[in-house]
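Pasting the structures in now, so scroll down.
One chain, chain A, appears in both complexes that follow, with chain B as partner in the first and chain C in the second.
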Partner chain A sequence: MSCDAPPSKEDLMPRKSRYDRGQTCIKCKSRRGNLVIKHAVYCSSCLPAMLVRKFRRALSSSLDPAAPSRGTPSRILPPDVVLGLSGGPSSSVLLDLVWKCFSVEGSGRKDERRQVGKVRAVHVDWSSLGGRCLVEPLKELCERYGIELEVVKGEDAFDPAWRTAVGLDNSITEIRVDMSSGRLPFLSSQAGPSDPLTNLRAHLRSLPTPTSVPATMHTLTRLLLLHTTTKVRCSVLVIGTSLPRLSIHLLETVAYGGGFALGTEREEIVSVGNADIKLVRPLRDWSLKELGWWLYSRQLSVPRGLDGKPTQELAPAGGKTIGKLTEDFVLGLERDYPSTVSTISKTAAKVVPSEAAAYRCVYCLRPAQRDASRWKAGTAILSLSTPIASSLSAPLPPPKTAPLLTEDNLAERLCYSCHTHFTARGGTGAGKIRVLEESGGFPETTMPLPVWVQRKLGEEQMKERIGEFLLEDE
Partner chain B sequence: MGDERTIKIKLTFGGGVEVLFSNKRNQTIALPAQTPASGTQPSRPADLRYLILWMSKNLLTDRKELFLDGETVRPGILVLVNDTDWELEGELDYELQKGDEVVFISTLHGG
Partner chain C sequence: MAPPRACALCQTARPIVRRPKTGQQVCKDCFFHVFETEVHNTITSASLFKRGDRVAIGASGGKDSTVLAHVMKVLNDRYDYGLELYLLSIDEGITGYRDDSLESVKRNQQEYGLPLKILSYDELYGWTMDAIVEQVGRKNNCTFCGVFRRQALDRGAAALNVDHIVTGHNADDIAETVLMNIMRGDIARLGRCTLICTQGEDSIKRSKPFKYAYEKEIVMYAYFKKLDYFSTECIYSPDAYRGHARVFLKDLEAARPSAIIDIIHSGEAFQVADQVALKAQQTCKRCGYMSSNDLCKACTLLESLEKGMGQLATGDRNRRRLDGEPAPENMRTIPMFQRSTPAEPIADP
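So, the complex of A and B:
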């Protein structure tokens, strides 16, 4: 064979098929298949029932783990649920599946065994940071399904009025921390603007690396959804995280040092105010192909276009964030080694922390291990106090880690992962984020915090707060 | 009477990928039935590899990276040929026939 001539079919190695058992559907074993899912072939007649069953099973195992998989229905009262909708493809699939499974119109059966009670939807709107507002198309979509949509703005996380609306303690004043110290001490000064949007921008702008920005927005979205769920007196928040998205989040969590709370990425119960909210992801075992097939076969529209991801507006000018690198990696796996994506999720489900959680992180409300920030203080030099140039003549003092002070600071109440996002110094190739460049009057080292983050009260403050209820000493 | 040098293909977009194609969910195109010969590569019947290249030159205006990954589509975009997964049809090597319907569904663009 000449090097110049194009290879003929005989010259090429036979390409390995991506499916294992021929082109016939593995369910009915009679019709030609239409879709390959993890090496198995399904026909278009068997797919809908298989996908509905998969959705119901995942939801049922999360809502009522004690219920039998088939036979007698559970006797527990179906809980009211909130659907967290981003406007992406999995949101459309989630909305449609809930309607199809649990409404008389969708299922076509009046005696349908209901797993859920009243259904509401919540969307977090980040359009104030740039990007398209999806409120109107999402409202239209929800109206079509007869589901009420509540909209929360991203900046509500910094709005005292929203704090009151969701039932949080409204006597707490705005809290800021000093980002120039790794211990993140609280600032007593209340100077500076307190407009929620300015606070949100200042919060994101003071994050040390571009990688922290989408990760923090993800946490803020999760917390806004959870607090809104308590506001509407529901105990279950359902979101449409698909299998690849879950695997991306799991790997990201590991990369940010959040291994202690890895299990919560799959399913979690979060104490929000006085209520426990169960966060479930019934699409957690759905591959992208299954999502795509449902979108296509049900002719669903997706309010957010391919280019409308909120964090796209906040992408750094150059380089890639850890989240984007992980996404590219997992999407490549999904195409070439689809079963491996499932393995990531299933392996993470088996990871159990070696010790009980010492407290809950005040920022993300996830379980945290004891002394998360103390460990970091003992192993890493986060800042060099003496400029190297001035110390050249004198002998270099031994490196010191920050002393473990007893002052009230944010660091000791954060989990390792959130602390890393607020104090990380690493990262290369990622440039400035243009839309956050305007400071809005905030010094770069001052970070306003979301309204659910509270300071630990001192004895005096505690007395002042409950003074009117205390009995006087005789 | 149809032009034998072209084949009519119906394209359908969904899942948000339509924003890259003038927001039109359905389009019918006349694709050259044979790929042009280039260098050592002789002309061959139009296949999905050629369709994607043709689409990138004629239909995609900007942000090509949201649709393309080399000569194929980005991971996360489901491709169906006449309602069947393109993996069952030979993927990029599938030779297009007159009246084929090719569907592109985007499935992942947000958390």
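So, the complex of A and C:
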């Protein structure tokens, strides 16, 4: 063949079929398509059915992984569920889908309605830190669907009354730690203000980097939702994490050093008090396009607005947090390398922790590795045990990990990422969060802890607790 | 007037740098000491070497390998590791880049008195990177360079009869690779990219003593020690995808410097699930090098170049198309890979 001759059809390789090159719906194969999703064209009649199927499949595989094939009712009792609502686009879609699939009015089939029992909703309100209050619009939205909404305030995490209300041990006193030491020793003195909002602000203000603030609020929100789920005696917490949001959380978790618990970002069972709560994300395979289409086609309102962020008011001035950087990065990837976002989620599903969990982090309740906080200490020398000159003449390799201290401290009971949030310092691009600069009467280095964090009991305290059952010494 | 600050480590001398890794302000002597001792700790805690080992330092003339050569020499003398050190350089054949950087390697060889072996792509594969770029363009040339370099280093090490190659991969490189492998879904590489020491079947051990050393600190070390290194970036376009991950990582580091070490920790804390099928390792039927397919990647790439189809070097569909093309007469192939003495396997951690 001459180089100049135009290629004939026989000379060319057959092209890979790309459905988005046609205009007909790939499902009904008759109507004109309205939306392209992952190179497949759907018409506006077939798309809702496909999305509802996707939602149901994700939910049922999480609720009952051993569920029989389609059409056969699950053998487990339908669990009562709590919907965790932030007020964002995914929350509106989640509410609407739950109503559509599991209510009589939403025309869900009778056998399919049995997938879940009673549905409640919970919203964590952070407006006390300066953000917009979404309680009223969310209440209206939930009323429209006939779903009861419970509101928990962010500062409840530091409220002893809330601790009693959710059934946690109310004999525990308020706990504070000394942030000036990497070991985070508990402080014996309990002096200082103790109203929940002041404690919350002091907690966030004592975090060493702006990055730690949204990450910690994310953890507090998760824990407030989980504890409220146990309070209302439900065993399943459903949240509306979409695919891009899930990928953002996964990359963030890796950047925080939380690779050990990476799988829990997709799905987890958390022991809260005496109950096991399953946290499921049935929108975890939904792209932004699918969410947007559902909102548009169902004419749904979004209480927080389409672009509103729950922690916008806490964005640092003069820098970006790791969370914001990751969000920008993942959304940018979606534009330039569209399949990468789902690849991140799929990759995370293929990895498991490299060892068995040694304990659960007292702060986030996720599985943790033994000596995780000491691992980091072993990668950098922070003090010299001997002067340089003598160490060069008689070299003694320093220990890989810092020696164990006997004092009661928080560091040894945290997972790696929580420890990092509490101790890692900011860099040149960290910025400052202005709304948290007010001290509220707390010393800079004192951090109050949420009410679910318990101090390990000493022998004397244990004896005191069981004193009435002990018989006198012989 | 505020009193002048003292070094956070010795508490006496005037600090001259803020350590990127810890944020501490330290004096020059303390910086050198902790940098070297941290590398020593990395080496000893992973038991990388044993007395009498013959170790080749992968030397490109860039900052990482120049600092590595210097630090390995210093530590070998200071702590009496008992290692026989060699410099091993690969000449990719990039005019105006590698020829200049190899001059730095030669000067370092003179200074440290270490034997140097230079192995070229031209000698091994019959192709220089300049010729490869001429055929494939700038888009995928990093694939060729990376694959060819890995095998060339192993072959150079085999020629030197060494037990171990150490490379200048630093903490930033490893964190970047963890991110890239997650984003690309490369499970096999994700599972091994944070290992400090790797060894393929019948190949030589490879280690990264700078696994926990920040790139910025390596540059600081080279600067204050006035080391002679070549600092120009490769003239062929960098891997665009890796570029994305690199920029992201630098942003993360600016927000919180510990992010680099935290990402490495994440990579060490997970492993590939048992139910995920990974390709079994075998040896290449053409050159005997380790491979997960019948032909190793270097042989496949070389074949694509020899057939004049270098642009089709990646992807399964392209591979089938490549297989369909007849091989040219006198097609160059890579010589059989042979080691003079088998390497000892890595002990289980």
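The working rule: the second predicted complex is superposed on the first by the 418 of 474 C-alpha atoms of A that agree within 3 Å, B and C clash if a C-alpha of one lies under 4 Å from a C-alpha of the other, contacts with A are read in each partner's own complex, and residues count from 1 in each chain.
Everything below uses one rule, namely that a residue touches a chain if its C-beta (ideal position, glycine included) is under 8 Å from a C-beta of that chain, and two chains touch if they have at least 3 such contacts.
All values derive from a computational prediction rather than experimental measurement.
By the document's definition of touching, neither partner reaches A:T173: not chain B, not chain C. Once chain A of one complex is fitted onto chain A of the other, the partner contacts of A:N274 are absent, as it touches neither chain B nor chain C. Annotation for chain A, partner touching more residues between chain B and chain C: C. Using the contact criterion defined above for the overlaid structures, shared-chain residue A:K350 touches chain C, although it does not reach chain B. Looking at the shared chain after the overlay, A:S188 reaches neither chain B nor chain C. Judged by the touch definition given at the top, the superposed model places A:Y296 against chain B, while chain C stays out of reach.
In the superposition on chain A, no chain A position is in contact with chain B in one complex as well as with chain C in the other. Those residues of chain C lying in contact with chain A across their complex are 9-10, 20-24, 29-30, 33-34, 37-38, 40-41, 44-45, 78-79, 178-179, 181-185, 187, 190-191, 212, 241, 244, 248, 251-259, 261-263, 265-274, 276, 317, 321. Contacts from chain A toward chain B in the complex involve residues 4-6, 18-19, 23, 32-36, 41, 44, 86-89, 218, 241-242, 244-245, 248-249, 288-289, 291-293, 295-296, 299-302, 304-311, 331-332, 334-335.
Of all residues in chain B, those touching chain A in their complex are 14-20, 40-42, 63, 66-67, 74-78, 80, 83-85, 87-88, 103, 105-111. The residues of chain A lying in touch with chain C in their complex are 13, 16, 209-211, 250-251, 253-260, 262, 319-322, 325-326, 329, 333, 336-337, 340, 343-344, 346-348, 350-354, 369, 372, 375-376, 378-384, 387-388, 391-392, 395, 397-398, 400, 416-417, 420, 424-430.
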